[in-house]
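In the two complexes below, chain A is the common chain; its partner is chain B in one and chain C in the other.
Right after this comes the complex of A and B.
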């Protein structure tokens, strides 16, 4: 049993949280409210992927243990989540002219609507994509790492998506406009940026990433109407830890929170793994407190840096 | 335009505000599940619509009974309530309960209760205590039912008992709760046998299979804790790992790695179906091999469907069992199969017996109030009376003026015979997973 196993598990779980956190943070920075429907947007993405996967089937070959059909389904999940989010933005968030607190409450209502619709269509039970569950990769076993190809696929896809977003924000025209809008919307508008369009793009990217996160969460765990809501608190912790509104903060926060969640069993035998700590020394704390520990760490970080780790820097 | 004004506000202020409102909201979220419950109640109402159809049919039959001139006068149906896990982690149980309940209603209303029908209002507990309590509150305070069937999860049943039922006359009969804790609340009746019997059986099973070390993970609620405590008390070997986990988490790999870390060859899962499916998958995809054992809640076709072939082979589950050798069960089973195309589980049988038991209690009580039903609900199944195995048979024995102690209802789930703690006598069955199917490999009689 090695620490590496826990870290590997942590990386995979973090990937999903990072995908969800980025979207939440992005929407916060530009649409300017904490979107509580974000978790359920993930659920929408996951179920859209489920339906598409059922329709297109496996499509022959496989990459990383995943049939081609799954990647089509993943794209469909991303697309549907983005469309649903933009439609919600246009139909609900934009017309209701209330402050960010009002929008926040509205988004909770929206979350219930998403979830109830999914429950009406698919029932309250949990379900699976029906993709063969894999055994761990043999080559990594000697190191004590027990990852399947699916885990590698989740991690790899998250890295690709995150890098793509980084590229988009730093090097494209759209990215520059997004950063400008997040920084100072009035100035951005005066300089000729159509902030309305930027806002729509933000929803597309944020919800799309959430949809991908949801599709992967379904693969990693299982699909159920509550899946997105159940992970939302952890995602919020990640976003606030990293500094809400900051995309890079959300990445860092997501990584940290996912890691803490998965490495909880190490706390009990802390002394065996950490240098400079006596062998038998440990923190006796049950796994059921994993989320509580994540939040305690979040609070401690906020005490030192009130705006989160990367809260002060721009998007 | 409005949005612009908002954004020009100081960033830090917004952050503060959102933080504060976030906290308020998290608190809010807890109670918002209640709101959600009302929508689910709507769904529950939908299924009631179906029941109504059934009871309408029943009225026609019941009118024959009217000629016998029982009560006369009031012919409106008797209304009782049921809190069920229509959604949530235990929805598989809830669904089975509904099927059992529907069959029982059809049987009861074919005969009628003194010329009147039985009607059951179903509310969803979402398998969670909070929503369960508000469902029960609605039934008891708003619909004023004197008899409440509910709930599935032990923590839900207990929460309902402690915050809604205790101190009132209302009869609560849980259909599926098995936590040993419920024994400490004599006012809370249940149809399924206590889990301490199950825990003892598991302890014997694991010892007899030759395992001296066991790793246990249990769901963090009354049910999981209760069974685990009884198990560790009964088990002679060494408990190498004992940790709880929360319901509905997004990942349980830390649980599985922790269990593997403990170096025990026998792993015991006292958890619910979705949670167990995730753990079984995680164990499989991490390449861990161990002899799995499970409590009744970690068994179900959904688990087989959602775990890879071969990942569970050899797993042993001890589950409460219906009276599978009795004629009335066989009849129940064949009717169930005709309607739903699959065999009933013990859980449907418990729900069926809950409804029949309620109907008999109402029939023998002198008035339709909680206080009167408290008098009869236990007596109709106690061994003092004449044994009857169906509702129709019971009516025959009771005749026009029979009292509750004249009959001993032997249900499709077993002899029932509530004891002073409100616990029934039941059967247990051992299931082993072979070729990804549950195969019954023995029965244990409970006391």
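Right after this comes the complex of A and C.
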């Protein structure tokens, strides 16, 4: 595999992590707790997409190698994840009056409930959407990049969603209110912002992005009830790396962590890829430790810069 | 701190208990009655019964460990399973004959049994890991520790699962000897004990219902597990006594202050980072102790023991039992076994489909029933999740929040002698409807009362000093 191919793969995986970490970071800054159910919200989105795709079918034509039906399923995944998250917020998080640590523990219970219900419905095994696997794009092969149209679709959709969020946060009323609430909820409230509503919007946007991330993760790998929980720690690593509560930090952190996760073999066989380094030199860490490396980076970041790369800056 | 000993005056003792305590006693009695019934009717082998009792003890130890961290100091540790696993693997790698590292060792110097060395190694490993994870996280906000410790648990699990050359990977380690392997006398205790035969009996109401009970032999495996139960009872008792002493010491009160209000503790000149580190290491070592016990109880360890779900079983035990309460932690140990065995029972004993025919409109009930019975691992997960949510929603202080165990025995007596001079104190000991006070006293949130304790803790108060202090604000107003 060439270096460029690793980077391309890293970009695709990063876009999934970025979608997930933005949502986590938004909820962290506005609802003010570390939501351990975020990964399982992704799972909810992925399985909602699976069910919808099974129901609507391909709907004829394809865009970027993906049938129209998949995009409908993607929207359904986003919608279901958002609805589930808002319902959880209303039914569980809001009535609990125990501070952010209590909410954190509660969110673990919520995560287990999501996961067990999905397991009951779909079994514990891996499943797939059943979309035909594509051949790599011919035009990129001369550059040593094996990338399918599906990968391009994931990357493209993530870019669209992230740009939309950026626009929302910077140029709309809702975005300004969200930033104000994240910055100082009390001040926002006395300024006349209905922070309750902002909180619901936060859940909708955060969980919706997570749902999209989950649906793409199912396309990138496979679906399993544990998929969200397994990736949750990587997402946390991204959020901490970028700086908790900073949306742009989460984007940057997600990009870095996703990149590192997918370019692990580069480090293992460093000698093969870098000039001047003897063949066979490298950091002897297997691919099975890709997640572990993310956590170790996270711990190192905590040691050196507890607020993350972009921590404490404006959301 | 009851005036009524359970032996001399059982009625008075019962009347002294709070409603929650009665419920807990009732729960444990019912659970044991069910288990005994399983034992008598042959549904549960005697050795398995003792194994379950051993597991209850193991979960008690784990809950004690977490209680030191979360209950007393407010540290969110989501890597309970990792410390447990390190303890288990620490001793297993030394003692198991399938261990790729040692292949099982001979007794050290010919006399020191290997499991004893394994115990020390397991505890040391956990202590080192606790320091390593504590250094970057304990200075930060509490939720960083939660995230980092969950990540760390995953790292430990991945290493144990993937380093085949060290740990046998996912095959796990077989052939771990019992804890008393190589000890004088105890090593051969199970073999020397006689097998006890219980003849089968037919009981019941003639003509209405009858069943066969007993009809098993208490053999070597039973004596082996009895020995294990004795071991865990010793571990639990020793830990309980040590923790009780520790928590009532000035050191323990600084910890509670940190949990209530860390800034206050710092303002009083406490090096909170150092205190938190000590508590984190102490709790982790206790968890590793449970792991060591488990390795020698189960005689097999695999990476499955490090699954995150095991961490959250212990969390349930602690938050349900009563955060900061060791009695509650013990109760939690029973609850975990009830969840695990209860869902197993659902999976095996109940019929696969509903015994009654429902109209097709209610098909959803039918299919739900099928799923719940079929898939008990998921049911277990669901039960764990729902219990966490319900406890945090309706009783965040737990079923048995710390009340009496915060008070020195002598001080309570002293308070009694002076006629219960202190009234309206937050630690209310009266048997009445004390839920309100309990909530006020030690929920998840801080209380001013705990913070007050530091005053005396700050000067090196010895036991007598702290006793009088506790009498001041924790006295008994029970005439």
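Here is the rule we go by: the second predicted complex is superposed on the first by the 303 of 315 C-alpha atoms of A that agree within 3 Å, B and C clash if a C-alpha of one lies under 4 Å from a C-alpha of the other, contacts with A are read in each partner's own complex, and residues count from 1 in each chain.
Simple rule for what comes next: a residue touches a chain if its C-beta (ideal position, glycine included) is under 8 Å from a C-beta of that chain, and two chains touch if they have at least 3 such contacts.
The model shown is predicted, which means the values in this text are computed figures rather than measured ones.
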Simultaneous placement of chain C and chain B on chain A, clash or fit: clash
A:303 touches, of chain B and chain C: first, second, both or neither? second
Which superposed partner A:95 touches (first chain B, second chain C, both, neither): second
First, second, both or neither for A:133, with chain B first and chain C second: first
Which superposed partner A:237 touches (first chain B, second chain C, both, neither): second
Touched partner set for A:117, first chain B, second chain C, both or neither: second
First (chain B), second (chain C), both or neither touched by A:264: first
Touching partner for A:295 - first (chain B), second (chain C), both, neither: second
Chain B versus chain C as contact partner of A:13, first or second or both or neither: first
Chain C versus chain B, contacts on chain A by residue: B
Partner chain(s) touched by A:190 [first = chain B, second = chain C, both, neither]: neither
Common ground on chain A, meaning residues reached by chain C in one complex and by chain B in the other: 33-34, 36, 99-101, 104-105, 108, 112, 115-116, 119, 123-124, 233, 236, 240, 286, 288, 291
In the complex with chain A, residue positions of chain C that touch it: 74, 76, 133, 135-137, 139-140, 142-144, 146-148, 150-152, 154-155, 158-159, 162, 308, 312, 315, 319, 371-372, 375, 377-382, 384-389, 392-393, 396, 443-445
List of chain B residues in touch with chain A within their complex: 2-4, 6-8, 11-12, 14-15, 17-19, 21-22, 25-26, 28-29, 32, 35-36, 39, 86-88, 91-92, 220, 243-246, 248-251, 253-255, 257-258, 260-261, 273-274, 277-278, 281, 284-288, 302, 305-308, 311
Touching residues (chain side chain A, partner chain C) in the complex: 33-34, 36, 92, 95-96, 98-102, 104-106, 108-113, 115-117, 119-121, 123-124, 229, 233, 236-237, 240, 286, 288-289, 291-292, 294-296, 298-300, 302-303, 306
Chain B-touching residues of chain A, taken from the complex the two chains share: 1, 5-6, 9, 13, 16, 28, 32-34, 36, 97, 99-101, 104-105, 108, 112, 115-116, 119, 123-128, 132-136, 141, 146, 148, 150-151, 184-186, 189, 217, 220-222, 224-227, 230-231, 233-234, 236, 240, 244-245, 261-265, 286-288, 290-291, 307, 311
